[in-house]
Amino acid sequence: MSYDLIYWLDLFGVAIFALSGTLMAGRYQLDPFGVVVLAAVTAIGGGTTRDIILNVPVFWLADPTYLYVILLTALFTILLVRKPRLIPKRFIMVADAFGLALFAVLGTQKALALGMPASVAIVMGTMTGAFGGMLRDVLCNVIPMILRQEIYATAAALGGGIFVLLVKLDITETLAMLLAISVALSLRLAAVYWRVSLPAFAFVDQELTNKSSKR
Amino acid sequence: MSYDLIYWLDLFGVAIFALSGTLMAGRYQLDPFGVVVLAAVTAIGGGTTRDIILNVPVFWLADPTYLYVILLTALFTILLVRKPRLIPKRFIMVADAFGLALFAVLGTQKALALGMPASVAIVMGTMTGAFGGMLRDVLCNVIPMILRQEIYATAAALGGGIFVLLVKLDITETLAMLLAISVALSLRLAAVYWRVSLPAFAFVDQELTNKSSKR
Amino acid sequence: MSYDLIYWLDLFGVAIFALSGTLMAGRYQLDPFGVVVLAAVTAIGGGTTRDIILNVPVFWLADPTYLYVILLTALFTILLVRKPRLIPKRFIMVADAFGLALFAVLGTQKALALGMPASVAIVMGTMTGAFGGMLRDVLCNVIPMILRQEIYATAAALGGGIFVLLVKLDITETLAMLLAISVALSLRLAAVYWRVSLPAFAFVDQELTNKSSKR
């Protein structure tokens, strides 16, 4: 059964987004509990919005494991990363890309399982993937990633679309999920990488650190 | 029956707000799908918030027509408007005024139809009208129109209030709706026009472009 | 019965947050109805989010008293405070601290009464206390208080945690509530005070106005 896989992927996505929220928070010298709040908004903001719109019980109410994963991720990150301001923004973007791809496909899957039409399911997936990071960016007064030039919402929607397509082609849900996540993640990572490397393609190795910290 | 009229007005409002979201997005050089996301947030953000608070099924879940209207509006706008940065901000404000007036009255009507008291219905209308544009502005890191000097929330609340009043006076719902929308729209447009023209009323013709692009 | 106490505390919290929203709005020279909207978002944004996530009827739909309290608070504040720009930001922070402490404990209490586990109840309390002010700050394009250095989310979570603990120790709900509110409020006020006075503790009297208006 793929239910277990979905659950573990979901927890992994929560941890990844909590990490990205914690690192972003680290740039603002919050007190530790403020960091946990920002991590939580990033990690469960998308899925919470999805569940509210679909009018199903919000996923973390019945299973506080999600809250503990966020708390532990934030605390470990705070303890291990001593100088959050030195973490390149690109690292946050890579963690964010993982969360985006995972949640876009998992959100699409959940909406399909609830009997939503394909178009609504893809919107729900995009929202699950993008809204947590969007809330994080809005709170930090940063223009959200979804409003930047690189392929962001496109990657999420493509992941959801491929999942819908593969499921209609009668491929097993587990395989469809892993394929769709891989495509969305690759596209988003390629976009992040391309954006940084294109202006000076031949000089990537030397200039990588400067460029990513400049962003 | 006025249900058909409401449906078409609703779709028109969605298209108008999707246009305003697309034009706003055009200033940020997003990829096309990011534009669609911003258009969607603007177009259905208000009604979605209303339906969630009223705890009724979110209106676009059962009828994906809304999503297609947003998609098509955004794509047509992208294709037809080649230089979004040249569109004066005033144009976005006029499209926004149409959406505000329409949704304020439609939202009030929906809440009344669900048996809400008049005060709650007017709040729901104001929210339906103002929240989509508010989310758009927050995402774009712009101070929301609702927080600017011109009559904005007032126009929305007045539209809702007039609708409630006319319905209580036993005027047909269709007429009440059209009257209330007209008043709210006129008030908002007058406010937009007044703001721009007052400081140099005699010089409007020459200075119009500068002023509206300065804003 | 402590239900009446809860109701009055709730209305008091709404008034306090409406005051803080109105004062914040005063800095932007909105039209009066725009002020009311910002006051309302601040005052009922947190509890509305809580009720939506818990999937219970939103508290102000059935009892428009909340809306009237907001309306009256905003109008009185507008009439009495002639120069909102002269109000020191610290005053807004103190009103905000009251609302934060009150709503954090009341939100925790409501979630517990609905049978939520302690961890979820504390999250709900923190959200009830912090989200209204967070929405206010996001709308005003200000970095939310929750993302500032001073103990903010910590005070809310501590209030919720102490309430949970005291209730488990079989202390009466009323007493538990008042104790938990006092602790959260004291911690937050101490944090606000400490931040301002620490850098030049001996000079507080002379420098108070400069410092608080600088913030």
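In order of appearance the chains are A, B and C, and numbering begins at 1 in each one.
What we mean here is this: contacts are C-beta pairs under 8 Å (C-beta built on N, C-alpha and C of every residue); 3 or more make two chains touch, one makes a residue touch a chain.
Note that the structure is a prediction, hence the values are computed from the model and not measured.
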Think of each chain as a node with edges to the chains it touches; is that a line, ring, star, complete or other? complete
Proportion of interface numbers common to chain A and chain C (over half same, under half different): different
Whole-Å separation of chain centres (CA-atom averages), chain A against chain C: 30
Please set out, as single numbers or ranges, the residues of chain B touching at least two other chains. 52, 55, 138, 141
Quick check: in the complex, which residue numbers of chain B touch chain A? 25, 28-34, 36-38, 40, 48, 52, 55, 57-58, 60-61, 64, 67-68, 138-141
Can you name the residues of chain A that touch chain B in the complex? 52-55, 116-117, 119-120, 123, 126, 130, 134, 138, 141-144, 146-154, 157
